[in-house]
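My questions will all concern the structure given below.
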């Protein structure tokens, strides 16, 4: 990751998703464990809301970095 | 999504709702699973508050992007 | 909702309360269900704190929109 | 509440505490219920952390409103 | 607390820790109760993450107050 | 920690991870306890999301401190 600049809000949103996963992988690097955990949170409404919350915080940062794509 | 600009705060709020769902769909793309989960969180007070929280964060971003519709 | 402008911080706070409920109603439009849920969260300390948290995020947005009523 | 201006960060912090309680009272106006709930959250570590979180968000708003008391 | 100014980010971080505890003490002033609660949250991973979250919000405020120590 | 400046967003993200752990260590300095707790949160989806959330808040601060590496 060398820049927070993206062409569109859509790409910015995808970068926010990527950043939210980066901290998870840094804390739990074992991809087998992560796959098992995914089965839990992808089928739990509150877990999905929590993931969406983290993405929202990163999207705020990325939007500011791109001057809101004005 | 190509812009965060909206005409009114009301439209901005609707975009915030849409963004909060986008991250959920990106994490759980199966619409049948999502429909089942909806039954849970739409009938649980704390789940609804959590959804409202994510919308609030996105609304903050969108409001800034629109210079607060001043 | 056509503006985030309010005369005073007090009115801004009331708008924040309103916004926090708007996302809940958008997700669960059935007012009978909402009345039942209210009985739960209005009598649960942690639920009330969670509601207060969402209001705080919206109040931050509204305060910025009003240049902090300076 | 007619202003977010305070003389010192300390007073700003006290205002943040007050705001965090305002949303709770708006949602549950019955002071007897609130007294009972207080007994719960004042003796629960995670509840206290959640209260502290809400205060932190309001303090951020108030600090910005006071240009950080520079 | 008369200022949010600190010499270094490190000192700013320590102030953020102090602020996160201030709201807890304001809500539960009994130091014996707080000592008992500490035993809980200091040995619970999710409680520690929640404390770290509050510190992060305060650190954001303090960093802005210090113009990020640029 | 004497500066929030980093060369790249990647390094900024690593600093955000470090800050999220700093508050945990300040609250629970015993490294044996922390190792035991790690076993819990590194294998729990919601705990990992919560950690990711704290990192997102710190990353927002660090990104602002670096003028978003523009």
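Residue numbering begins at 1 within each chain, and the chains themselves are lettered A, B, C, D, E and F in the order written.
Here is the rule we go by: a contact is a pair of C-beta atoms (placed from the backbone, for glycine too) under 8 Å apart; a residue touches a chain by one contact, two chains touch by 3 or more.
Remember, it's a predicted structure, so these values are computed and weren't measured experimentally.
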item: Any chain that touches chain D and chain A; value: none
item: Same or different residue numbers at the chain C/chain D copy interface, by half rule; value: different
item: Centroid spacing, where centroids are CA-atom means, of chain D and chain E in whole angstrom; value: 15
item: Whole-Å separation of chain centres (CA-atom averages), chain A against chain E; value: 26
item: Touching two or more other chains - residue numbers and ranges from chain C; value: 41, 44, 46, 50-51, 53, 57, 60, 64
item: Graph class of chain-chain contacts, one of line, ring, star, complete, other; value: ring
item: Complete ring sequence of chains beginning with chain C, oriented so that chain D follows; value: C, D, E, F, A, B
item: Partner chain A, residues of chain B touching it in the complex; value: 1-5, 19-24, 26-28, 33, 37-38, 40-41, 44, 46-47, 50-51, 53-54, 57-58, 60-61, 64-65
item: Chain E residues touching chain F - in the complex, by the definition given at the top; value: 8-10, 13, 16-17, 20, 41-46, 48-53, 55-57, 59-60, 63-64, 68-70
